[in-house]
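The structure that follows is given in the form of structure tokens.
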Amino acid sequence: MSNSSIRARQPWRRANISTSIQIVLASVIPLPLVMLLALLAGLDLTMSFITLFVPLQLIVSSFVGYRAFGRRGIGDAILVVLTIFFSTFVLILLLSVLYSVITEGAKAISFQFIGQNNVYVSPTTSLDYGGVGHAILGTLIVVLLTTLAAVPLGVAMAIYLTQSQSKTRNLVRTFTQALSGLPSVVSGLFILSIIEATQMGRSGITGSLALFPLMLPTVARVAEEALRLVPVDLRYAALALGAPNYRAFFQVILPAAKSGLLTALLLGLARVVGETAPLILTMNPSSGTNLNPFDGGMTTLPTYIYNYLASSYQTSQARAWGAALVLLMVVGILFALARILGKSKSKKSKATK
Amino acid sequence: MNLVKTTSTLSAENISVWFGERQVLENVNLVFPANKVTALIGPSGCGKSTFLRTLNRMHELIPGAGLAGSVYLNGEDIYADGMDAVSVRIKVGMVFQKPNPFPTMSIRDNILSGLKLSGRKIENAEELVETSLRRASIWNEVKDRLGDQAISLSGGQQQRLCIARSLAMNPEVLLMDEPCSALDPGSTRRIEETISELSETMAIVIVTHNMQQAQRVSDQTAFFLADENTPGGVVEFGSTEQIFNGPIDPRTNDYVNGHFG
Amino acid sequence: MSQSQTKPQRRKLSAGPLSRGDKWFFRTTSAAAHFAFVLVALVLGFLLFQAWPVLQSQGVNFVLGSTWDPDSDPMVLQLGPMLWGSLLIAVLGILIATPMAISMAYLIVFMLPKRWASVATTLIDLLAALPSVVLGLWGLLVFTPIAAGWAEILNKYLGFIPLFQVTDPENGFMRSPFIAGWIVAVMIVPIITSVTREIFSQLDRDLINGALALGGSRLSTFRRVIMPTASSGVVGGVLLGLGRAVGETVAIFYVLNLSMEINWMNLVEPHGGAVASWILARFGEASPLEKQGLMAAGLVLFILTLIVNYIANVIVNRAQPWRKNQ
């Protein structure tokens, strides 16, 4: 098994030295050539890459591929070049997002930016004043309230889907999948329609409610997978010892699935912590710190970004970048935690075997 | 602990089994007396393990499972209306093919898990742990590390721990589903010795693919067979001596002598 | 041996009474699970309740017409250009994202060494959780100027193709469906990559290695071995991305000039439509009656994504039988 990855690379290994040199030359030469052309002709760099570099690379690689492997070398060269080209393009785009947020955000971020609220801040106020403190607290409160409802319910759904033999399980699964496709703005409209129908006020709790239908299916799906990873043998062992289902679940399955369920919580958090549209529809913004979710407006990090981005002032945009960096760090931390939990879990299950 | 020789018997009458619309067993009649070891042998897919699972109501956990006939434990039908599956499983213990100790519990907690899981009070915990581990012949190996995680044990030790876990419930019948198929010969031998000792205090039903094992440990043997596309059933049932040395049915003869299966 | 030869009667299994704890356990979890029905019904019900007057007064023109005039009497609320725009942007996003996602998945599963593959996987999974408002921020301030340059070049050299025609180049190339399509593509590439990668990695490695070792080329292995097995799963992943793209709100809101003047296919023309973004854009100053119209738009959007996601999930589940058999 250990040499299977080596076997997959045999076509490369088998190539003799002159072929290797040709391949290296073929991959390297087009780059400076295109740069030179672009410089001499004064072309746009991105465009010249797409219009010149890729075709050139394709032609050169196909030629080398043909010399090394015959006709099938052409196809392979094209496949490999295109794969690398497209993948690099994706990575550049995605990394560009991360890079922009980090470099632009770093300009705005400071202890004061993270700690203070925005009460006396106008669009032109210098970055030395005000910050996202209130938005961080708002995010925490709104998301925490959603979590309190969505996680127990989502886990209960997962329990039902894995522990019972009921015939409606597939139907429940279908509906959960349907919910997971609910556009976030529609979730906001849904709560808005309840607000309109009941004349209740807009506050933190209405925002939490709008996030709830978005978090629930994510938690349910990941929790179901986590519970499914617990070997069914353990459940049978517990039942064979005379355990009622609920004791088998709480004493045997739940401890074994603990880290997986935590992952469900974290991924659920990551799903809703960046949601914007539903909160704009269901909460009033606030520039001050408001810790009461049942009364008054509240700002969260995403709605903070949304509000500042609407303005074209430099400092406002800088604030938006700063908040985006904070938000991205929150998502990143949630993800890292989920990863670490997932890793330790898979190690443990390997050790059992 | 007071180990009274039980006189209970388990018997299966006219057992037929379905998975969905597919019938896998037809009309099985077997009696498992106390203090006897019964081996269930037969080729793969003939329904032995399925039959075993009907004896402590584990069968019904599989979606689409169906059953006809009765299983009597001390004269009481375990499938009767109002009979609680939990109380049946407490009296009829089960050891699975693959060792399945609870990975999140220590060795000690694994032994006590049965009592905790069935919601009973634990008295004399230390004594119960020691007795159970001794009866499963694993006490000497683990007595100094009862607090260790159960999965730190070797495969054979894990299986004996699972036997001990069942014994802690003091069952009247012990069902074993190919308990040695995942183990090395040394561990297998030790478990066979354990089975012989345990048979003095309970009825044991063991499913096995190993002819020698069936001969070594059992008092009586049932030979299961399923023809293609027909439900399985018992071809022959009798003393182990008779099944292996003088079978009446030619198919039994072929099987125990290794001509097929 | 048996007393009667009649067909044995099947008995009721699980006959015994459940303990009180188990009854409670199953009742609670079952109630929780069936809440999924309740929630879907509530969403549809409340939106329909609010939207009904508008749907009734506008009729089928609500989705076909192209006038949104809340101030006229009687009020005219028609969503056509926005619906068409949503589809146009989503399809463009899919067309851009799919080849990239498949390449990325192929690179991760079949070309990268294991360590780098897992780094790339982590990165892609993280980016799948990128908040759309952050993407909108990047799209507006970083990407739009760049993509507008691309659009200008496309228009300059390929302007004879209707897709790249504009009415007046003086209007510039910002805030066009072209840019929105790219933003949506960046957003759904991680989703499609995840699904595709999972399906690729479940393929029989021996089969693929064998095909390569036997002197089969990468290309023929890809075309004859990998794609036939994986294609339906990939299609499912693409449809999941489509569902996301159709529902995307904030990111498109920033990079698209929303206009009720329908833009059929001029991708680089600086105006277009998107239902979700339209809801967000109009919501602020909407009268109660117009809000009902926005609810109706939300209802249409939800039904659209329900259909897309349902088809996607059917296909993905069928392509991943190992998920169902657990």
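We call the chains A, B and C, going by the order they appear; numbering starts again at 1 in every chain.
Assume contacts are C-beta pairs under 8 Å (C-beta built on N, C-alpha and C of every residue); 3 or more make two chains touch, one makes a residue touch a chain.
Predicted, not measured: the structure shown is a model, and the values here were computed from it.
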Which chains make contact with chain B and with chain C at once? A
Going by the touch criterion at the top, tell me which pair is linked by more C-beta contacts: A-C or A-B. A-C
Where chain B and chain C are represented by their mean Cα positions, the distance between them in whole Å: 52
Rounded Å distance between chain A and chain C, as computed from the means of their C-alpha atoms: 15
Distance between the centres, which are taken as Cα means, of chain B and chain A, whole angstrom: 49
Overlap residues in chain B, where contacts from two or more other chains coincide: 86
Which chain A residues reach two or more other chains? 244, 247
What are the residues of chain C that contact at least two other chains? 19
In the complex, chain A residues that touch chain B: 165, 231, 233-234, 236-244, 247-248, 251-252, 255-256, 348, 351-352
In their shared complex, chain A is touched by residues of chain C numbered 18-19, 21-22, 24-26, 28-30, 32-37, 39-40, 42-43, 46-47, 49-50, 99-104, 106-107, 110-111, 113-114, 122-127, 129-138, 140-143, 146, 149-150, 153, 186, 189-190, 193, 205-206, 208-209, 212-213, 215-220, 222, 243, 246-250, 254, 276, 279-280, 283, 288, 291, 294-295, 298-299, 301-302, 305-306, 308-310, 313, 326
Taking the touch rule as given, give the residues of chain B at its contact with chain A in the complex, in rising order. 56, 58, 61, 63, 86-87, 89-90, 93-94, 96, 98, 100, 102-105, 113-114, 116-119, 151, 162, 165-166, 169
Residues of chain A touching chain C in their complex? 4-5, 7-8, 10-11, 44, 46-47, 69, 72-73, 75-76, 78-80, 82-87, 89-91, 93-94, 96-98, 100-101, 104, 152-153, 156-157, 159-161, 163-164, 166, 168-169, 171-172, 174-187, 189-190, 192-194, 196-197, 213, 216-217, 220, 228, 244-247, 249, 267, 270-271, 273-277, 280-281, 302, 305-306, 309, 317, 320-321, 324, 327-328, 331-332, 335, 339
If you look only at chain B, which of its residues touch chain C in the complex? 14, 16, 18, 26-27, 29, 59-60, 65-69, 79-86
